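Read the structure below first, then the notes.
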Amino acid sequence: MTQIEIYLLAGAAMFCIGLYGLVVRPHLLHKVMGLNVMAVAVFLVLVSVARRVPGPTPDALPHAMVLTGIVVSVAATAYSLALIKRIYTETGAVTLQETDDDA
Amino acid sequence: MLDLIQPQLPAITLAVLLFAASAAFLVRFERARAIALVAAGVQVVLVSWITWIVVGQDRVWVYTIGGWGAPLGIDLTIDGVSAVMMLLTAVVGCVVTVYSAGYFPPKDSYRLFWSLWLFLWAALFALFASNDIFNLYVCLELLTISAVGLVAISGERAALFAGMRYILSALAGSLIYLFGVALVYASTGVLDFDLLATQVSIDPTTQAGLALMVIGLLLKTALFPMHFWLPPAHANAVAPVSAVLSALVVKGSFYIIFKLMHVFTGHEMIPGLAELMGILGVCAIIWGSVQAFTQKRLKMMVAYSTVAQIGYLFLLFPLVAAADDIQTAVLAASAGLFHAVSHGLAKGAMFLTAGTIVKAVGSDRLEDMAGLSRLAPIPAFTFAIAGVSMVGLPPSGGFVSKWLYVSSAIETGAWWWAGAVVVGGLLAALYIFKVIALFMGSGKEPLQVGVSNRVITIAPLVLALMSLVIGVFGQPILDLLYPAVESLTAGMMR
Amino acid sequence: MNSPVLWLDILVVVILILLSIRIFSEASLFKSVVLFIALGLFVSFAWVKLAAPDIALTEAALGAGVTGALLLDTVGHLRSRNVPYSKHRHAEDGTSSNA
Amino acid sequence: MPNNIERPRRAQHIVAVGLLVAVFVLLARAVLYIPMHDTGVASSIQDNLQISGVLNPVTAVLLNFRGYDTLLEIAVLVLAIIGVLSLQREGMLASGRLAPFADPALSLLTRILVPMMILIAGYLLWAGEKAPGGAFQAGSILGAAGVLVTLSGHVRPGWLSPAIVKIIIAVGFVVFLVAAIIPMFFDKNLLEYPLHLAKPLIILIETWLTFSIGMILVTMFISSAAPITDDYVRGDAT
């Protein structure tokens, strides 16, 4: 197994773990962290792919994609957390299970 | 002067929206509203110009940003189909902007609506123009955050929860899509659609990449059974936002799926994918219609109707895959794309007029709206016209797309898809006529209707009439678009 | 194959996976967030191993730093009794996180 | 600790884990089939680095070759902060609930740290052209300095008027957008910097972006949703 394959597999595993946090854990904060772990997993795959280039300098395009992705995911996380805080302030809820009143 | 502007049109159109969005962020409500109205007018002019060039001269407009060109840089590519989607966005967007100007009280609490809405518009334009799968990821995120921001802007309890559900699903969809992009880049080394078309080979990495991209997008476009986030988000948002989400935003991710299936010859890359999407589409039609029929709130009903109508879009894929010749395939693809446009107009009208009705009646409950047609005839009439297109009665746009679907299903011998279209139409008739009958009837207690202003009464009617007009002029529109659809469909055939 | 460098990679990856599992199996929200920040720092190590120092810097600053701080702030918010700001000021310990 | 979160029922939990393991197997198969030879555009980036205006290939991709992605990415960041602001009640901009700690140690630390942080931010910005670093790293350090200054009570949360805060938030994006359309006046495409202008334009964009990113981060911290008026004393929130 090569170095690249190790990180690729780690990316695949962490994507599923993040998905677990998003889908199974009810607390909104866990869900947001799940999304962030999924994002890190995808970034691992991208950076591993960049490392295939022989020589000391990896492919810069996946690196740029990851840097863009990090900023986008920080922005999305910041908004999600603001929404969580607002929901808590308005209703005291920290999960989505307390919402069944819109029928 | 025009010669100087014309080559730069795509960039100018996008820049106008982005500048307007930034400016609207910095100023007070009235100014922001004025900026949005001006930007909306300018958009209609610029996008009509683009459409005229692309469709009229039958060319694919490739705009190389930064002058690099793919694979190093990013290209914008506007063909007939994306031009039509842009024009739909501009028309619905313009009406929504005018409607919003009359809908929101001039209070600063809704000041940021204008900026978020202009960013959303910019995201849609960028999405329809983009020809690069990673750039599309950024466009999708721009679209998601502006859409969720708009859902939550009212600050009401249900809207906040709906926004939360929406952002979690949409971000998950984006990340699944991005994983797919990573795999596709790993196996092909390119991100540009046109280069991908020449580079793809069938191997496990590319297959998984395409599958992930499609799954992520299906989640974002809310195809059954991944529609769970849509009804609360679309129903609990303020009316102009509901209209934009249902009429335009879900079409964005559908459009990307359409392009992906073309570029990757999707049904060969993943056998059964086209049929699976068709079956899910049928499930969406039935489930969405049944749910719409049982709803007690008007906007919830309209939102479930969107779930059903999204299903029709996905009948396109199995029908194109099953087509023996290019004419039949184009027929099926035109059906889907025509449906995207006619549903965009009709659903936009329906949600806007629902907002007008809710505002007039002071309640979203259907039982409170009995007898509406006497006291607020225009909104009730608008709802009926939009409903006609939703059901698919002639001469509406909905009729044309269903007619095309049925014809192509019969041509290909896959008549059961035609059955799904007909059943869907009947189900739609049930829930639409239930509401219309309610409007025509009389309620337990006399209805109190607060008179609302003329803008929010007339604007939805304009959209509803457009959904009829495109039905009347269906054939010329289809003839005009034939070459563009043909070149996009060729890749999806067996 | 079994060079020490590769063992280091395996170690990093195992820590990353165990940390991510712990984040979601942890009962205490605060501990989850701390583990998440730790994950961000260890990922930076992985970036360095993969010859991506620019990403390591950004990840440490934004991924672990900003996201982590925002998460901690949210945990603090969700734990606070949500008294209005005016009353908050009079309490000795308004926003500090109490682990 | 919030204890109203029920652990998911055991059977459902096992099904979910089983499904995720299946997903993992599929993903693992997909990543292990990735060809191990270089398929990307690395060589093309190296070839064009000379005319990109910067020496660091990643910066060249971010700000020149694929500057359009970055432009939209900044739009996402600005949009997120607009979203955060839209979630607040009226007049909360830059006067959030953040209660300053009147802690002398923190105050002293701030006096020492903040000037250093500003220096580091300046260095990162300057170094970004040829080494790792750039507007985002510099901006996040500037943002951290801003949060520290506010937390330690050296600066009242509302000392900058909301209008100025908003202008600083937007200025990076607007400067980028203006720089992007400048080439269009010289018969070039969007973001098609002329060779001699590429470097100064990129430095101009990065500098303004640094301030905007710093301000965006500070605003994200100090503008939390305002607590509502009545006391919410919840059993699960202690």
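To keep things simple, chains are lettered A, B, C and D as they appear, and every chain counts its residues starting from 1.
Note that in this section contacts are C-beta pairs under 8 Å (C-beta built on N, C-alpha and C of every residue); 3 or more make two chains touch, one makes a residue touch a chain.
Only a predicted model underlies this, so the values are computations on that prediction, with no experimental measurement involved.
Chemist: With respect to inter-chain C-beta contacts, which pair, A-D or C-D, contains the greater number?
Modeler: Comparing A-D with C-D, the pair joined by more C-beta contacts is A-D.
Chemist: Distance from the CA centroid of subunit C to that of subunit D, rounded to the nearest Å?
Modeler: Taking the average C-alpha coordinate of subunit C and of subunit D, the gap between them is 17 Å.
Chemist: Calculate how many whole Å lie between the centre of subunit A and the centre of subunit B, each centre taken as the average of the chain's C-alpha atoms.
Modeler: Between these chains, centre-to-centre, one finds 27 Å.
Chemist: Using CA atom averages as chain centres, what separation in Å is found between subunit B and subunit C?
Modeler: Going by mean C-alpha positions, subunit B sits 38 Å from subunit C.
Chemist: Taking each residue of subunit D in turn, which ones touch at least two of the other chains?
Modeler: Residues 2, 27, 30-31, 34, 38-41, 45, 58, 66, 69, 73, 76, 79-80, 83, 87, 136, 220, 224, 226-228, 232, 234, 237 of subunit D each touch two or more of the other chains.
Chemist: Got the subunit B residues that touch at least 2 other chains?
Modeler: Counting only residues that touch two or more other chains, subunit B contributes 134, 138, 141, 145, 148-149, 152, 155, 179, 183, 185-186.
Chemist: Considering subunit A alone, which of its residues make contact with at least two other chains?
Modeler: Where subunit A meets two or more other chains at a single residue, that happens at 9, 13, 15, 17, 19-20, 24, 27, 32, 45, 49-50, 57-58, 61-63, 65, 67-68, 71-72, 74-76, 78-79, 83-86, 89-90, 92, 94.
Chemist: Can you give me every chain pair that touches, using the contact definition above?
Modeler: The complete list of chain pairs in contact reads A-B, A-C, A-D, B-D, C-D.
Chemist: How about subunit A: which of its residues touch subunit B in the complex?
Modeler: By the definition above, subunit A touches subunit B via 15, 19, 22, 28, 31-32, 35, 38-39, 41-42, 45-46, 49, 61-62, 65, 68-69, 72, 75-76, 79-80, 83-84, 86-87, 90-91, 93, 96, 99, 101-103.
Chemist: Looking at the complex, which residues from subunit C come into contact with subunit A?
Modeler: So the residues of subunit C touching subunit A come out as 1, 5-6, 9-10, 13, 16-17, 20-21, 23-24, 29, 32-33, 36, 39-40, 43, 46-47, 49-52, 54-55, 58-59, 62-63, 66-67, 70-71, 73-75, 77-78, 82.
Chemist: Which bits of subunit D are touching subunit B when the two form their complex?
Modeler: Residues of subunit D touching subunit B: 26-27, 29-31, 33-35, 38-41, 44-45, 48, 64-69, 72-73, 75-76, 78-80, 82-83, 85-87, 89-90, 163, 166-167, 169-170, 173-174, 177, 180-181, 184, 187-193.
Chemist: Within their complex, state which residues of subunit B touch subunit D.
Modeler: Against subunit D, the touching part of subunit B is residues 4, 8, 11-12, 15, 18-19, 21-22, 25-26, 63-68, 71-74, 108-109, 112-113, 115-116, 119, 122, 126, 134-135, 138-139, 141-142, 145-146, 148-149, 152-153, 155, 179, 183, 185-190, 203-205, 207-209.
Chemist: Okay, in this complex, where on subunit B does subunit A touch?
Modeler: Per the touch definition, subunit B meets subunit A at residues 134, 137-138, 141, 144-145, 148-149, 152, 155, 157-158, 160-165, 167-168, 171-172, 175, 178-179, 181-183, 185-186, 232, 235-236, 296, 300.
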